[in-house]
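Residue numbering begins at 1 within each chain, and the chains themselves are lettered A, B and C in the order written.
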Amino acid sequence: MAEEKVESNRTNAFVVSARKRTIQNVVKRAGESVLFAIASFVAVIVLFIFYFVARDAIPFFQIRGFTEFFTSSNWYPADDPGQFGALAIMYGSLMVTIGSAMIAVPMGVAAAICLSDILPFSIRQYAKPIIEMLAAIPSVAFGFFALVVLAPLMQDKGGPMLMWAWWILVSPFLLLAVIVVSDLLTAAIKDEKRRQQLHILLLIVFGLFSVLLLYKVGTVLYGVQILTGTNALNVSIILSFMALPTIVSVSEDALQAVGRDLREGSYALGATRAETIIKTVLPAASSGILAAVILGIMRALGETMVVWMASGNSSHIPEPWFNYLEAIRTLTATIAGDMGEADQVTGSARFHVLFAMGLLLLLISFISNLVSERIVIRQRKILSGQ
Amino acid sequence: MTTDATKTSESVPAKKTRDIYLPPERKVISGGGAAHIVAKDFSIYYGEFQAVKKINADILSKYVTAIIGPSGCGKSTFLRAINRMNDLIPSCHTTGALLFDGDDIYGKLTDEVLLRKKVGMVFQKPNPFPKSIFDNIAYGPRLHGVNDKKKLMEIVERSLRKAAIWDEVSDRLDKNALGLSGGQQQRLCVARTLAVEPEVLLLDEPTSALDPKATAKIEDLIQELRGSYTIMIVTHNMQQASRVSDSTMFFYEGVLVEHAPTAQLFTNPKDPMTEDYITGRFS
Amino acid sequence: MNIGTRKILDRSFTAVGIGSIIVMAIALMIVVVPIVSNGIGAVFFTGTIEHRKLLRDEFKRGNSENLDSEVASSERYRAKVYDMLTGFEAELETMAPEKKTQYKGKYSQVRTALQALLGPLPGDQMPMLTRFKYGQTRWEKAEEKLHDLLYESKWDNSNTEVMSREYFVSRAKSFEGTSLAPLFPYLSHNVEKMLLPEFTVYWGFITDSSVDSHFFGGIWPEIQGTFFLAMGAMLFAFPLGVVAAVYFTEYAKPGFLNSMLRSANSTLAGVPSIVFGMFGLAFFINTLKVSPSKSVIAGALTLAIMILPTIIRAAEEAILAVPKTYREASLSLGSTKWNTIATVILPAALPGILTGGVISLGRAAGETAPIIFTAAVSVGSAIGLADVLSSPTPALSWNIYNLASEHEAAAQIRHVQYGMVLALVSIVLLLNLSAIVLRARISKKLKG
């Protein structure tokens, strides 16, 4: 019973002297501090990256100011005096980023939906390694492919390739649109017989119209001559391959996070699978998918080797501005390409302007990372709150 | 029992054995019955939530004490407090005193690592390490400085024999422990705990993941170990509690409603709530 | 909408999803197939006698006696060509001046094409560059050169609306009536006897150094450089990453500081690779001065910080996947926290951690941008282990870029480029494959 405790010199093996306990505590604290120091190494590196890139970027703005860099397209760094207008280069980066996003986002989201909601597990097992392999292939290999295989192909067979791409990609969707539109237009008619007649009429009219459209645009595309295979389209296609794995895997996570209950609720109301996904699952996962898109786009924007090898590296804004068949130049490729020459004159505007571009890239990637992180956290909160 | 060395100790077990009412088929344990673990106004909190409320109890040495109660009543929390496994939960803290042989388990000078060496625990789900059977048993002794291969082998064999699993595994000590059946794994876990030579054995619903046959074996094992170790077993199975234990604690919503010799608690409960529970009116 | 349309929409929706996965698979195929099929050609190809001469002269390899008799037999056929040349040169002297100038130009074209095909002609000065010392070493190239020799290529600019077109004119025709005319049919009939093509397996492509900036020889310096850089990066990043992951999973308490550290981690993961390169230049070389200029160590450090977030994330996941019960079991046996981590948790998480490590290794091996300013040089021989602290190295990724984009004769050494790409891609994919196998083994092991 409790009275026994009075026994003074009898202590259990687990009770240690105050001194030993203090030492234990100190050792524990010290160990944890060492671990903390190592873990915060990453944060230190991030600060260092910002500091060292900014340190070499700021002199450029001190020498040349901001206006020229952001508003001029004259990029003649080797001239004396040099001209450092980076507008066309920034525009080139923007162009390939948007171009690759236009290919990769719909495909990536569709593939993610397919992986999370449509394919049975047995097939998913094989689909996932494909995506992982696509992610694993080094960028320089993609760049090499773009330069050595795709570029000559585009230069020789550009027109026919565009035409076939147009036909293969657009015709199914056009067909679908014809079906849906004619259905919607006739939906209001009450009389079943008249409705069907009109429906068929509309189908024929729209069908003929779309076939004509396909053919006309196809022949126009066939006649297109691609003067250089190393152009924005080439780069956009390859970059989209590289952004796809990120988009697919992050959006799949977001889709998986949407619970079964929500889906079952929708099915129970008589929705088809497509309707369930589009009207219920996608809105719930939208912020996560947005985060995925941001991360994927960042991969395209930050990619160096492909654009350096296959974009043509010509610093001008294409004519017209949306012409993807012209050579362009991007921030990353400029840094990679010009550093070699600029390096010898450390301290010159020519050297610092590259760091200014690096800082720009760094800031964009930092901001988009923060944004996507916030989005993911918010989605998690909303989903767990429901 | 080291406590017995002191002069008060002689009278204590004698006094305690009288306290505990045992049915005729259960032997009185000589040298057992001292107040091994004592709770004094002991409470456990998870943050603001009081999971165990000011309980007072004596756990008698070398006897088997069962803890029963509906799920979420704090029985596991109390059990895990005894070897401070609750330390893993950052928000968990305690008030009052929980004494082990008179020393506060939550005292400032308590080294929880040494404490856990004296208070072994077997968990709800068998959790052998993904190592060989031998290495599983030798894990504890190695931690505490036994490295001699021959001595380790002795400990391993002794522990496995005590846990009544030696005959089943003696020819495959180098095989992965995860290859054993659930019941064997659980007895292996008991053996692993015994290998560090604890004084107290805490069993947290040790049979809830096992089939009836394996359960029976574990219950037999508990009977074998009774008298050598102070055993506490949390169980949701009242038949099991009545079969294996000498005294039983009934918890309800964090309160220790009744603590009495098992034979008495199951046949003649003092508290109406206990009666409701053991007769199955709620669970 | 009526139910039929809804069903069609539903089906098409499924089709779009499956279609995009198929497109991804096709994209992977389209990229990988040419790389593999052409890359294999760097090792397996039809080699000519020139290749065997090269191996003997530059690498002291091959059966010298056999080769001598082969050379003798090929020289017999070549002798007739040389005779025709001397004959025509003599004839040239007798021509009228106007005609002479006309033929002289054409003749020098023929000579150049012949040199490209067969190597230096008798009477030529021994060229300085190895690439001119030998004729075509690969049969498919020899066939191209033969074509160049037999036909003159001309461009048709008549239609200004479309791009100009290439067309060919037979050289035999333009030399009709001269003593050189029989040369062309003779060449096309006997080129095989002059070059003696046979199927060749050239493993030296992997283990040899390059000769004359990758015109001949292998890619060993690049492979070794890639290995040094990737392993060096792992040496720094792996221990750091695992320890940081242990901190995040076992010790970190939720709070502002912790979320800051996590944000830092994802920020680092998102930094464009070229910025790592700039940072490596500005910090490791210009500030810390780990080496006077580019060096393996500077590149490895730069790659290390690039792969650090990946390793941390993978290790964290692996540690979190270790069942909580292991931790409880170990602690209940009287193990300290640190001991539990070292003896139970890390061993159980090891396969997962290794998987992450192997994938990061592949990433470090494949990245180019971070090493452009910090470690890579385009030409160079294999460096010794002792030189990693001071000297730069060629590396597969960088040299692929360099050979494909900046080499003065990029189009002539496509097979080397393809071989390099194949080497790099197979290294990276093999690493990834082993990661997948490792992962499969974990789940098996945890199941018992």
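Following the convention adopted for this analysis, a contact is a pair of C-beta atoms (placed from the backbone, for glycine too) under 8 Å apart; a residue touches a chain by one contact, two chains touch by 3 or more.
Computed from a predicted model, the values in this text were never measured in an experiment.
Counted by C-beta pairs in contact, the busier of B-C and A-C is A-C.
Compared with chain A, the chain whose C-alpha mean position is the greatest distance off is B. Chain geometry summary: the mean Cα position of chain A and that of chain B are 55 Å apart.
Each chain gets a centre from the mean of its Cα atoms; for chain B and chain C, those two points are 64 Å apart.
For the pair chain A and chain C, the distance between C-alpha centroids works out to 26 Å. Taken residue by residue, chain B touches two or more other chains at 114, 117, whereas all remaining positions touch fewer.
Looking at the complex, you find that chain B touches chain C at residues 83, 85, 88, 90, 113-114, 116-117, 120-121, 123, 125, 127-131, 139-140, 143-144, 176, 178-179, 189, 192-193, 196. Residue ranges on chain C touching chain B, taken from their complex, read 253, 323, 325-336, 339, 343-344, 347-348, 445-448. Within the complex, the chain B residues that touch chain A are 2-3, 6, 8, 12, 35, 38, 40, 58, 99-103, 105, 107-112, 114-115, 117-118. Residues 1-2, 4-5, 7, 10-18, 20-21, 24 of chain A are the ones touching chain B in the complex. The touching residues of chain A, counted against chain C in their complex, run 31-32, 35-36, 38-43, 45-46, 48-49, 52-53, 55-56, 106-108, 110-111, 113-115, 118-119, 127, 129-134, 136-145, 147-149, 172, 176, 179-180, 183-184, 187, 225, 227, 241, 244, 248, 272-275, 277-278, 295, 298, 301-305, 308-309, 332, 335-336, 339-340, 343, 346, 354-355, 358, 361-362, 365-366, 368-370, 373.
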